[in-house]
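Two complexes follow with chain A in common, the first pairing it with chain B and the second with chain C.
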Partner chain A sequence: MPKIIPVPDELSKPFWDAVNERRLSLQRCTACSKLQYPPKQICQACGSGDNLEWKDVEGKGHVSTYIVIEDGRLNRRMPDQPYNLALITLDEDTSVNFYSNLPGIPPYEVPVGAPVKVIFEEVGPNQLIHEWQVVD
Partner chain B sequence: MATQPYKWRRDTDGLGVWEHRGKVAVAGFGHSPVNRRWDETSMDQTLGAYSMLACELAMEDAGVTPDQIDGVICCDSHIAGNSGGTASNWAPRPYFDPPYDSEWGLTLVNGDWLVKNMELPNVKYAPSNVPTIGEMFGLAAQSIADGLCTTCLVIYPTGNMEGRYRRGGENAEDTAGGARQWTVPWGNHGGNDFINIFPHNQYCLKYGGTHDDVAPFVINQHRNGLLTPWGYNASSGMVQLTMDDYVNSRYILNPLRIFDCDRPVNASAAYLVTTAERARDMKQPPVYVLNHSQHNFNHRTTQPDLDEIEEWTDRAAKRMYEGAGLGPTDVDIFNPYDGYSIMAQFFLEAFQWHGVKRGDAFAFYADDIRVEGPHPFCSSGGNLGNGRTRTAMYTDSIEQLRGTAGPRQVTVRAETALAAFTTPSSGGWMMFGKHPN
Partner chain C sequence: METSLVGKYAIVGVGETEYSRSSGRTTRAMGAMAIQRAMADAGLDSTQVDGMLSYHSGDSTPSTSIMYDLGLRPNFYMDCSGGGSSSEALIGLAMGAIEAGMCDTVAIFRSMNGYSNFRIGGTGARAASGISGLDLMKRPYGLISAVQQFAFNFTKHMATYGVKSEDLAHIKVAHSHHASNNPKAMMKQRVTVQDVMDSRWIIRPVAHLLDCCLETDNATCVIVTSAERAKNLKQTPAHIIGVQGRGTKPGGDFHFQHGNMGRVAGHYVGPRIFDMAGIKHDDVDVTGCYDAFTYTVMLQLEDYGWCKKGEGKDYVKSGAINLGGKHPNNTSGGHLCEAYTHGMNMVIENVRQLRGTVDDYCPKAADGVHTYDYSEGGCRQVKDAEVSMNMGWGTPAVGSALIMRK
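And then the complex of A and B:
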């Protein structure tokens, strides 16, 4: 079953535009140099409001931990149950994390601590999302 | 009617002792029956009817009459408080004769509706946009301390109806906007279960232990719930949960099991909050408010991790202790929020109740936490033991300080109590005292 389709807004459009070009681009605060995801109007680290720029990142990370969704509430994902929901930390800034279903990894068999790389998955017409793949 | 008018929250670090410490008191409480669901036909079991009943019981408990009420603070509720987004909306439906000719009174209740339908003639303060009970109790305490009202009904309704919980609305949609665009595509529909399960896994890795180490806590919550006559478990003929029941129960978000989650119910509770001076002339011994504090910490990224959760809960504990002028060894009754079992260890360790430090919770759970024992943790039974009323923590704290908790009455000292409905990132805490000083 296809995943649920994100709906970009004014703040998130640059992010999703980059994803649709198969790039992972995060906000970066030029005042404190911290990366930020999801995008916000101000830097969550230093509170700066006028110093956020977009920066492409390499898209490498590690699996921090995971759960398996066996009885979730999202109608569209119910046929997928059980499925992994992993927490990925970004190598460039480990305070930034992402969710991933870890395509290709069977439920319950998630290698915690394993390195991952970003991939892109089509979820709707002209809409990709960022996903993560375990690197052998 | 007034709207929520002023900066009442105590939600920053370093505020010092609350200037109104001991000058506000809880003088009464009342609970409706706790049903699993409203059947959509029994008009004496609507959320409105149950809220009016709870108010009547609270006034009776305190010994006040409707004409003495000058404040009504009611969380604007539909289901499970004011959370859940469109997935918690149950309208439209066929309606009934007044006062149930709209959604109001059925699954929606607020101060204005209660003032009108309870015929409270002297209410001068009924704010709108009232938050959930963790903060609402603080709003009530501060409002009375600031003289906005003197004798106030504080109501928290939580509704539930037929059908799977929160399976509709935005959870049935094929797209996700707003904050949900960052979570829903991967399966996170949002909520405290998701917020806490990842840090809980990290907790087990960092400090050792497995998820099932929370089982003694969950089982004890059910035990305390069966000692709470008004709660769902006790009033519905539930039997005591066993370790076998727990470890063989199905998973929701593996490793989170069904018994780690509270049971949605249809119920309402009300509290009579007043000035300490007035409370002394009322029917019950006053339970004084020694502090209220709130927090709403920014999420750094998509998912809070263990470090963030520990930092937030440490800050919340510091705020509360500072405002109450008390420390961990001063707290006798500790009723943190337990809507998902995996949150409680973060609160227990942050507040260092009975000396529990970071990483010690599972060993503490394995010790004697029964109400008659030396460490009566969550003597209320909370939401796991009573259903998702989110009020058991407050009522038990009041009863313990009054000395009227019946079979739940602790055998240790009961002169101060901490109670909360809060997540690690947002919500509020209350400190109650048997004495004002």
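And then the complex of A and C:
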């Protein structure tokens, strides 16, 4: 699947830098200990502005829910249709979710509730992207 | 919420262009026409409209161009960036501008070649543009259009409450019956649940083709002025007794991290507007609930409290949302069947409902004479409509509402 190549902005650059080193790193608030994704300026849980650090997480989760894109108009992805688009909930903090195409899982056969682990796909020169793979 | 503005302002004129998929005209020409028609509807001349508001997604023509086409000289104008749920919010802003003494009468317009030029789904040039901000976390996975981005809010809801795609189809069926009595509607044929289920999937399991709105070329306009001035104008005024928006829920990124995913902005907007208007659900005779997709209707109807959370699937089958029911919804056919206007046509319809002069197939509809026979090709006027409510949807996280009284 030819995914779109991300161009990081100020807030997300540390996240994508970590992804390029095959690490999943999220903002963590040292005041309230909550994880946060996507990156934001302040902690959305406690409102603390100066206590966000970057923390590597284990990269284990579960399939929460999913849709199948049957007829979309994103030119680059149209040849892939139909494709799965799942929501992944992180085990380490179940309020954190990610999107995934679940590589290796045929359309419509998404095992809701199944455990997944983070993997990294190359989408361009020196640019990886985080993906999720169902584990047995 | 104390406010002295309840009932102090009114919508006095409404107008729209033809709804089509090939306007062959500029958003400038269409915008001017919609305003012109709304002014004629209200009985206002070009010296009497001194305020303009519009909203756009980079796809319209600025007020500065259109005002001079029409010979207007505004004391106030503003063009706002915004999509669905802007209609209701701008009506509140118009009231504010008048209350502040900045102008007396405001024409609010939306003009868009939503099918022939700039399609909301993000096709063509837009799909190839650079990605930034939150898009960075979703576009790479092929998540871009509105129907896709909002879908997870509903799949979660389906799983929690056992809702099926068939349940959603009843919304399309109701709106199609209403549209069959609307000469302006782009899709007038009545459809069945089976028709919806047989149409092709756009997103499984939340949206068949017939669960999605009709991309449309059009311009629309509503005119707001004081109830005092309205007394001297042509139409029965639709008094504004409640307005809210664009209200938000925490964590506008919909899915990543914000608690109850099936909850939408109406959960926050609803209590505020009912409190402001001082009415209850049962006082409302006709509703307009933003139907970008059938599931946006179900989520909003629940979170605005027309039924309990999770009972939307029964509510939409109960007959309540149909003409002749307790709270008929989108009596023009709405976005699903009349036209996609970014929210404006549902406001326009409710203004006409309160006037009692909905433009259905009744021969003397313009004089307020209706048969109340809601069979195909007949009437769509709600009998003795006194109070209407609009529920605008921007995203699962953004919404506005409007309550009007005759």
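Annotations
Keep this in mind: the second predicted complex is superposed on the first by the 135 of 136 C-alpha atoms of A that agree within 3 Å, B and C clash if a C-alpha of one lies under 4 Å from a C-alpha of the other, contacts with A are read in each partner's own complex, and residues count from 1 in each chain.
Throughout what follows, a contact is a pair of C-beta atoms (placed from the backbone, for glycine too) under 8 Å apart; a residue touches a chain by one contact, two chains touch by 3 or more.
Keep in mind the model is a prediction, meaning the values are calculated, not measured.
For the composite obtained by superposing both complexes on chain A, the positions of chain B and chain C are in clash.
When both complexes are overlaid on chain A, the residue A:P106 reaches neither chain B nor chain C. Residue contacts after overlaying the shared chain place A:S12 against chain B and chain C alike.
Of the two partner chains placed around the shared chain by superposition, neither chain B nor chain C is touched by A:G49.
With both structures placed on the common chain, the touch criterion links A:R73 to chain B and to chain C.
Residues common to the contacts of chain A with chain B and with chain C across the two structures: 3-9, 12, 36-38, 44, 64-77, 80, 82-83, 85, 87, 95-101, 108, 112, 123, 129. Within the complex formed with chain A, the chain C residues making contact are 119, 121-124, 127-128, 130-134, 136-145, 148, 151-152, 155-156, 159, 200-206, 209, 250-251, 253, 255-259.
Partner chain B is touched in their complex by these residues of chain A: 3-9, 12, 36-38, 44-45, 64-77, 80, 82-83, 85, 87, 95-101, 108, 112, 123-124, 129.
The part of chain A that touches chain C in the complex is made up of residues 1, 3-9, 12, 16, 36-38, 44, 64-77, 80, 82-83, 85, 87, 95-101, 108, 112, 123, 129. Contacts from chain B toward chain A in the complex involve residues 87, 164-167, 171-179, 181-189, 197-198, 201-202, 205, 250-256, 298-303, 305.
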